[in-house]
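Presented below are the structures under discussion, each in the form of structure tokens.
Two complexes come next, and they have one chain in common, chain A, joined by chain B in the first and chain C in the second.
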Partner chain A sequence: MLVLGETVMVLLDYIQFLISGLTVGSTYGLTALGFTIIFNTTGIINFAQGEFLMLGGMLSVFLLKFLNLGLLPAVLLAIIITTCVGALIERFTIRPVQKSSTINLIIITIGISIFIRGVAMLLWGKDTYALPSFSGDTPLSFFGASMHPQSIWILSITLVLLCLLKFFFARTIYGKAMLACSFEKKAAYLVGINVQRMVLFSFMISALVGAIGGVILTPLTMTSFDVGILLGLKGFAACILGGLGNPFGAAAGGLILGVLESFGAGIVSSAYKDAITFIVLLLLLFVKPSGLFGQAEVERV
Partner chain B sequence: MLTIKNIDVFYGKIHAVRRASLHVRRGEIVALIGGNGAGKTTLLSTVSGLLRPAAGNIVFDGQEITRLGADRIVRAGISHVPEGRLVFKPLSVEDNLLLGSYHRFSFKLKQEITEDMEAIYSMFPVLKERRKQPAGTLSGGEQQMLAIGRALMARPKVLLLDEPGMGLAPNITQEIFKHIVSLRDKFGLTVLLVEQNARSALKIADRGYVLETGRIVLQGPAEELLQNKDVQRAYLGRDITDQVEISNE
Partner chain C sequence: MNGFKRDLLTISLFLAGMLLLPRCLTNEYYVNVLIISGLNAIVAVGLNLLLGFAGQISLGHAAFYGLAAYTTSILTTTYNLPIIAGILAGIVLVGLVAYLIGIPTLKLSGHYLAMATLGFGIIVYIVFNETIELTGGPSGFVGIPRLSLFGYSFDSDLSYYYLVVFVLAIVLMFSLNLIRSRIGRALRAIHTSEKAAQISGIDIARYKLFIFVLSAILAGIAGVLYAHYLEFIAPSSFGFNHSVLLVTMVVLGGMTNVWGAVAGAFFLTMLPEFLRAFENIEFLLYGFILIVCMMFLPEGIVGGIQKLVRKLT
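And then the complex of A and B:
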């Protein structure tokens, strides 16, 4: 009897780990999606992706507090502003130097992320801020484990965004045209695609997805000027894990990382939570460099 | 139909095309021949808007297109099949063709675009067989057909072809060239063809231009160029049929 009771307890713990893992994993997945969109259009890894999440969260907090907007308008406005920041980044830092090599552009994005973080710190200081949950804080019971209502928001919004993006890239000509820009830029020009505009759109969509991720995560984890660093890195890890360039791989990579982290923290020790992500990433890169769902390049000459 | 006047183009610091002028009349196949690095690709890329000329102008159908962006030039009716084919390798054959119609795509035209795609498939049946495959898995000849098909999906008036025979087996090259001729004969397409393989190009062309270190040094009807001693020495080498005759003697 005692043994059975313990088994049930352990099982309940595991469900709990799974739920919190999936929740956090979703936001890694959203970050990874942001990376994927810009990568798919330009071949650039945008290391400012994490800052989009930070901006989404921080702007929501401040629009809510200082402008006394309601939660929904504050959140929507924060997402719109962040999307515009994405557009500005492309227009003023990427476009003027678009002829440079990809590696130079990647380094520029690192500079942008440091800049945005610095500005955020000057504006809002180093404190940690919280955003109210979208639908209260009363935990829901889920197979005996408790689940924060915000988790449901996070999971469902991630799923919807993922399906929309998948549809966009696989089924619409504009999505395919965006992909075409990264596969063969010269040929993209020659079929009449306005490549510059596509790159601009990719930064905007990416910022949009990042901001949404930041907004839905903040009620659960709080936010500060520097949350973008770790979220960005985790998202990047998720991206590599799932196979760079594949939206579903990115989201799946995020979920897997989140779950591993949560189990690692629960079973081993929460001190190693962040290390687990990067150990998994390293191991995978040794075994399958193209990622779990990535395809090795198919090519005939 | 297409008139290029005194254009100078720099490729980086290299003065790649020097005061070159040429014209292509409606329904003509014009060959532009020359050795490696003569500036053929540069000239073609300038027409399609990938490069900007430093001087000179380009007029197409009475409209000045010298400084338009590549997307505007496709819209005006010039399609460029680039050197090395440059198909979108990870995308399917069908998506490659679909993207060819990007500049005129709208949901209202879906029917028309599907019909155009069927027309391309009936010209190149092998593309239809492989329409779900990623373009990168096609052979070189098939990729060339796809690149031409993609360019045709834009419904161009003028087709710019850059080295369509590059890296292909001679019989495949001949097949591609036959298609080019039939495009002109059937649809009245105008073609500006760049080739290193001067003989094949001049055989299907009406007129030709010879480009040497960025300058046009010779021009005339294709048969004349084929007979021209300088052209023969520099670009044609010895004809195989000549060799047969010699060994027969």
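And then the complex of A and C:
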């Protein structure tokens, strides 16, 4: 009887880890998806991706507080502003030098991330801010494990967003055009696709997805001017884990990473949770050098 | 004039300029900034060999820098070993770790290699933070002895500066020679096309590993000099941000030239000191300058200067 009790306890713990892992993992997945969208049209790893999440969260907090908007208008406005920031980045820093080498463009995005953090620090200081949950803080019971209501928001919004993106890329003309750019830019250009506009869209969608991720995560984890660094790092790791350039891989990579982290923290040690995650990632890369669902890069001679 | 003589001349000129530089400074604090710039330049030159010549990225070089710094600090402070032993142990350990990490890691390419080296850097950073009994954890490691070698103690900042400049000059001479050698040609061939290099009979795995270990050792040399200069180290100096900064130095300075790494290191280490006067908008300006430089100097600082010289003559 005692043994059975213990097994149930352990099982409950595991469900708890799984839920929190999937919750955090969804936001990693959304960040990774943002990386993938820009990578596919430009070949750039956008180091400012984490800053989109930060902006989504921080802007919501401040629109709510200072403009006294309701939660929903504040959140929507924050997402719209962040999307515009994405457009501005592409228009003023990437487009003028689009012929530069990839590493130069990546360094430019590093500059952008420092710049955005600098602006955020100037506007809001170094304090940590909280955003109210979308529907209260009373924990829900889920198979005996407790679940924060915000977790349900995060999981369902992520799921809806994934379906919408899937629909966008598979069914709409713009989505298909963007996909075409990711396969072969020159060919896309030759069939009459405005590649430049698609790159602009990819930055906007990426910022949009990032901002939504930031907005839904903030009630759970709080936010400050520098949260983007770690989130960006995890998003990139998720991308690589799933196989760079594969949107499904990015989302799956995020979930796997979140669950790994949560089990690592719960079972082994919370101090080493990130180390555990990265050790697993490294070992995986040694076995599968192009991620779980990625295609091996082919070198042309 | 052959390549060797030309390099010897430029390095002599560089050395002379660097040795005279402190005399032009009005504030002694700036010697301190120059020392840190010089140390970053040593790491950046190594990273330039790896990134600019062999075409392999590392986002984990701050870890090698820190690993050497912590090794010598722990050995000389906690275990009271002589400084020379600590320094050698630090550099050897870094070489060994780079060798072991390099074997599986360098099979990866592009962004996957970036991720693997980045992951390695983060793991090392976490270990620095969490093994508190050994490293002092996040609050840092204090009481490291100031460097003294063969009975001479580098107590003044100025003497330390001369030492760093001297080491940097040797590293530069060595790197420039290496580039002109058979190894240098092999590395450039790998950069252009791995397949083509392999078909021409170049053992790409071995060359990549060699240059990776070499660049880690250079980071290690800078690391031990850093620890015995500041007499205090903390994990925050060896994190992900510093690794990214090092790569930025190499690219911003100009990847195709070893001197680019030196220019990038001095520029990006000194920039925050000049921006300090702007207080609140310091970071914002730093990011802005980085964006603008990268947009208007696609070949980096040294590439830009070369282009300017070519236009004028």
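Quick note on the criterion: the second predicted complex is superposed on the first by the 293 of 301 C-alpha atoms of A that agree within 3 Å, B and C clash if a C-alpha of one lies under 4 Å from a C-alpha of the other, contacts with A are read in each partner's own complex, and residues count from 1 in each chain.
By definition in this document, a residue touches a chain if its C-beta (ideal position, glycine included) is under 8 Å from a C-beta of that chain, and two chains touch if they have at least 3 such contacts.
Remember, it's a predicted structure, so these values are computed and weren't measured experimentally.
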So, does A:Ile157 touch the first partner chain B, the second partner chain C, both, or neither?
-> neither
Which partner, once the models are overlaid, touches more of chain A's residues, chain C or chain B?
-> C
So, A:Ile216: does it touch chain B (first), chain C (second), both, or neither?
-> neither
Could you tell me if A:Ala180 is touching chain B, chain C, both of them or neither one (first, second, both, neither)?
-> first
For A:Gly192, select first, second, both or neither according to whether it touches chain B, chain C, the two together, or no partner.
-> first
So, does A:Ala32 touch the first partner chain B, the second partner chain C, both, or neither?
-> neither
Between chain B and chain C, which residues of chain A are contacted by each of them?
-> 297, 299, 301
Would you mind writing out the residues of chain A in touch with chain C in their complex?
-> 45, 47, 93, 96-97, 100-101, 103-104, 107-108, 110-119, 121-122, 229, 233, 236-237, 240, 244, 271-272, 274-275, 278-279, 281-282, 285-286, 289-291, 297, 299, 301
Parts of chain A lying in touch with chain B, wherever the complex brings them together | 173, 176-177, 179-180, 183-184, 186-194, 297-301
Residue set of chain B touching chain A in the complex reads 48-50, 69-71, 74-75, 79-80, 82, 86-91, 95, 98-100, 102-103, 105, 134, 136-140, 150-151, 153-154, 167
Flag every residue of chain C that touches chain A in the complex, lowest number first.
-> 57, 104-105, 107-112, 114-116, 118-120, 122-123, 126-127, 129-130, 193-196, 199, 240-241, 244, 247-248, 251-252, 255, 280-291, 294-295, 298
